[in-house]
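I've put the structures underneath this note.
Okay, so chain A shows up in both of these, paired with chain B first and chain C after.
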Partner chain A sequence: MVDVLLSDAEKTFIIHGIQDNLRDDGRGCEDYRHMEIETDVVSSTSGSAKVRLANTEILVGVKAELGEPSSGKPDKGRLEFFVDCSANATPEFEGRGGEDLALEISNMLTRAYDCPKCLDLGKLCVIKGQQCWVLYVDILLLECGGNLFDAASVAVKAALYNTCIPTVTVSQDEGHVDIELSDDPFDVQHLDVTSAPCIVTLSKIGHSHVVDASQKEEACCLARLMMGVTEKGTVTALKKEGSGSLDPSSVEEMMETGKRVGQALNKSLMEVLCLEEQKGKKKEKTGFLR
Partner chain B sequence: MAVDIRVAGARERPKPEVSEELNNLVTPGDVITSDTGYLRGHGTYMDDDKLLASVAGVVERVNKLICVKALRTRYNGEVGDVVIGRILQVGMRRWLVETHSKLNSILMLSSVNLPGGELRRRSEEDEKMMRMYLKEGDLISAEVHSVFADGSLSLHTRSLKYGKLGQGTLVQVSPSLIKRRKTHFHNLPCGVSIILGNNGFVWIYPTAMEKTEKTGGYETDLQPVTSADREAIARLRNCVLALAHHRMLLFDTSILYTYEASQKFSAKYIPKPEVMTEIIEIARGRLEREGT
Partner chain C sequence: MPTDSRRIAGPESSTNPYSFCTEKPRHDLLKNGKRQDGRKENNLRPIFLKAGVVSQARGSAYIEQNETKVICAVYGPREVVRKEDFSMKGLLTCEFKFAIFSCRERRQHQQDIEEKDYSVQLLEALEPAVCLDKFPKAQMNIYVTVLQNDGSALAAAITCASVAMADSGIEMYDLVAGCAVRVAGKNLLMDPCNQEEYKPEDETGLTNSGSVTVGLMPSLQQVSAISSKGEIEFELVKQAVAKCVDVCTQLYPVLQQALVKSVSERQNEEG
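And then the complex of A and B:
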């Protein structure tokens, strides 16, 4: 996590605020900050999305390439996550400074997506055991304003929704296999991401827990629970982070909240993505000009 | 529970009104004047007998001197400015303070008011106790005492209005948005006080938390803040951010008008773009009508 320095009095103020269910920006404990999303922002990718959650900004690009399936799952495509922490976000990331955080985020995403029901990877298989589509998901952190995991997972889901995979036809003659790529650039397939998970991070601060902690709140938090939640409320991954310990009963409470919030998050995200798709090519591109 | 996600393109972008002021707006490399009779000030450079801007900002002219005041900048300190800073390091007879300027500022042990009043003698004990008074991460309000040759600042807190800050919330905006006034400490009628640091740090805290002379302000009150105060602080914080987002100058009247305009919304909805625009429009209209 990217830490900020806070004085004891500031921490006290934040902790008491969370006890009162009134955080320092007026939110309740289970409210997300305002989020803005834009898909199809990088034309050289198969699918891309940019998410801005208050001050957190994340850009995700998905590149589809033909490759070999993993030996354990010969009839399925692959999903590879890579996180890059830009030193633009914070000077701490300079050099190899962001590598630990990058690894943590990509591991969490890999675990959250490692669930057979959340994304139909079978569709990505071209020739069983030989060729499949590999989706390289590249996540770039541009600005840190707290709650990177949730924002990254939302951006990944949006980018996957936006991903177009070219249609391929496989022809077989005399044991010789030919893969032919469609000439038409619009002859593409989309992924069904309705049941893809979003990560919900619950931070235990004082005696309560909050979702979508800001950077200041993260500095007050000793233990957090991250969970991958799908639209139906299925928990696909669970991870506890931080130096503090959690009581079993509060873990249960946090999981209940996480499920509830995760469902709402997935629902709003899908609504927005559908809305943006309806606008199609007509929509104005915002990009990085604010 | 509320999750609010928007499509970025859906937001309406207000058309910039082309006004007289825009003529003063320059980007790096813009020619300000090709007249050689002017003096080169901050944010400008000479090339081919022309005066060009080196930063994006507003051109300011004082007689023959031309400066460009940058829109987004680090803080350039001036003697007498009120600043808010965060202690980064405790050193030999000094504290290193982060004030969003290019170099860290320093606060000498000899330029703070220690508990016990002005007539107190300084001893070696004080040096050993430095971390008791101010430790890493603590926030202080201070005044710029002097500017060193390299541009770093020396601060002092030798007045009761300065010193360690207690409970409250810090908002960071661009230093160019803080309007220079006679006073930067304001007690607003909503029971909340605000310190507008010239360095772009804005401190919002409940008025009740006044410092006492006895302790020199080094003892912080850690009692819970009432929820009415807390609500007002949250609202004020969002209002300051809204003003900064719309590049409006921050001073007591603009903040108060925005605060009043925001009353019809709940504090947590202020950061939403459409609510923010509406509030700022009302406040801006009122500022233009009623002046400063």
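And then the complex of A and C:
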């Protein structure tokens, strides 16, 4: 994680505040910060989204390409996550500096999406065992203001919602297989992301836990629990992060909160995305890093 | 994928013969209350655990759960090599590696993404248990090699690494016991073997299908690692975690016994 310098007194202030359900920016323990979502921001991609969560800004681009399916799943498309930590966000990311964090985020997302019901990858199959759509999901961290995992997962879901996959027709004659791409740029398929998970990170600070920790709060926190939660409240991935440990009963409490918050997050995200799609071309463009 | 130019690579395209055989989906993980290897739902495989197996290392341990075999060595504390790594807390590093031949399919020599993920999880499982404050400016390295993988490799590695760490004499708050559980439908199968492990590629059609791994510090009753794969209903995750915590507590005496045995063996050698 990207660290900020915080004195012991400042840490105590934050920890005591959270004990009384009051955070340094005035939120309650289960509140998210203000989030802005914009889809279709990069025209060279199949789908893209930008999420701004207070000071955290994440840009996700999805590119659909035709490739070979993996040997274990011949009748499924592939989903590949790649995270790039831009050195613009913090000089620590220069060179290979952000590699560990990037790997952690992409592993968590891969795990959260690695179940058959999250995303119907069967629809992405073109010719069984030979050709399928490969969705390259590239995540770019533009600014780090805490809670990167949640913001990244929201941005990924939004970008997948926005993704248009060109319709292809497969014709077969005398053992010769042809793939034909539709000429019409509007003849596209959309993905159904309703049951895709969002990641909720719960940070244990003092004796209580908070969602959507800011950078300062992350510096006070020793152990985090991350959950991939779907709209139905099922858990697709679970991970403890950080150098601290957790009491079994507080793990349970944190999971309860995570489920509740995750379901609400998924619901409002889908509402916002539907609203955005209805606006279509009329929507206002806001651009990056304001 | 970067390759190591100093090694002789296999032929560019070779296929594992197993990938041609069509495995039948394993719908019957549990038949008449019995699993494929004859165990009941709650039964673990027998554990063999021995500390002090690598003479060169500061501490080491070997664990065997039927066909899952893991060896772990701990080196250090020693001075940090890189200046940037300087810290007033000790630095713990972890390297998790599947031996190339350990799985059904051949692994690569270099660490792949799964192994890197396991390394991080193992590190985070052990960090809370080690008194890192007592080792400023020092680093300790844990190396874990899975010799043979027949499921629950991460759980075995957590147990093995914590015993190796204790065997090295590095001060610790507690040991860490690891345990895995496979969730299939409403069934919770403890300590899954390779056939029972959750693999996202073979869709069993069940709503609940996944696995949960927990690392627990038994005497402090603190969870130091928790991870899950697959889509599982919330109530079942809770049950699975609780069950793992239970089993980890039961494993504690096994870990203690292994350590006591290694200490008394060492005393006999010296005396």
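The working rule: the second predicted complex is superposed on the first by the 288 of 290 C-alpha atoms of A that agree within 3 Å, B and C clash if a C-alpha of one lies under 4 Å from a C-alpha of the other, contacts with A are read in each partner's own complex, and residues count from 1 in each chain.
Keep this in mind: a contact is a pair of C-beta atoms (placed from the backbone, for glycine too) under 8 Å apart; a residue touches a chain by one contact, two chains touch by 3 or more.
Since the structure is predicted, the reported quantities are computational estimates derived from the model, not experimental observations.
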*Could you check whether chain B and chain C clash or fit when both are placed on chain A?*
fit
_Quick check for you: in the superposed arrangement, does A:Arg27 touch first (chain B), second (chain C), both or neither?_
first
*asked:* Looking at A:His176, would you say it contacts chain B, chain C, both, or neither? Reply first, second, both or neither.
replied: neither
*Touching A:Arg96 in the superposition: chain B (first), chain C (second), both, neither?*
neither
*Considering only touches as defined above, state whether A:Gly233 meets chain B (first), chain C (second), both or neither.*
second
_Included angle at chain A between vectors to chain C and chain B, based on C-alpha centres and rounded to the nearest 10 degrees_ = 110
*When the two structures are overlaid on chain A, which partner does A:His207 contact: first (chain B), second (chain C), both, or neither?*
neither
_After the superposition on A, what does A:Cys115 contact: first (chain B), second (chain C), both or neither?_
second
*Once the shared chain is lined up, is A:Met255 touching chain B (first), chain C (second), both, or neither of them?*
second
_Shortest span in Å between Cα atoms of chain B and of chain C, once chain A is used as the common reference_ = 12
*Flag every residue of chain A that touches chain C in the complex, lowest number first.*
71-73, 76, 100, 103-104, 107, 110-111, 114-118, 223, 225, 230, 233-248, 251-252, 255, 259
*Which chain B residues qualify as touching chain A in the complex?*
1-11, 86, 88, 136-139, 165-170, 220, 222, 224-225, 227, 230-231, 233-235, 237-238, 266-268, 270-273
*Of all residues in chain A, which touch chain B in the complex?*
5-10, 12-13, 16-17, 19-20, 22-28, 30-38, 50, 52, 54, 154, 260-261, 264-265, 267-269, 271-272, 275-276, 279, 283-286
*asked:* Using the touch definition from the top, list the residues of chain C that touch chain A in their complex.
replied: 15, 19, 113, 116-117, 120-121, 124, 127-129, 132, 199-201, 203, 207-210, 212, 216-217, 220-234, 237-238, 241-242, 245
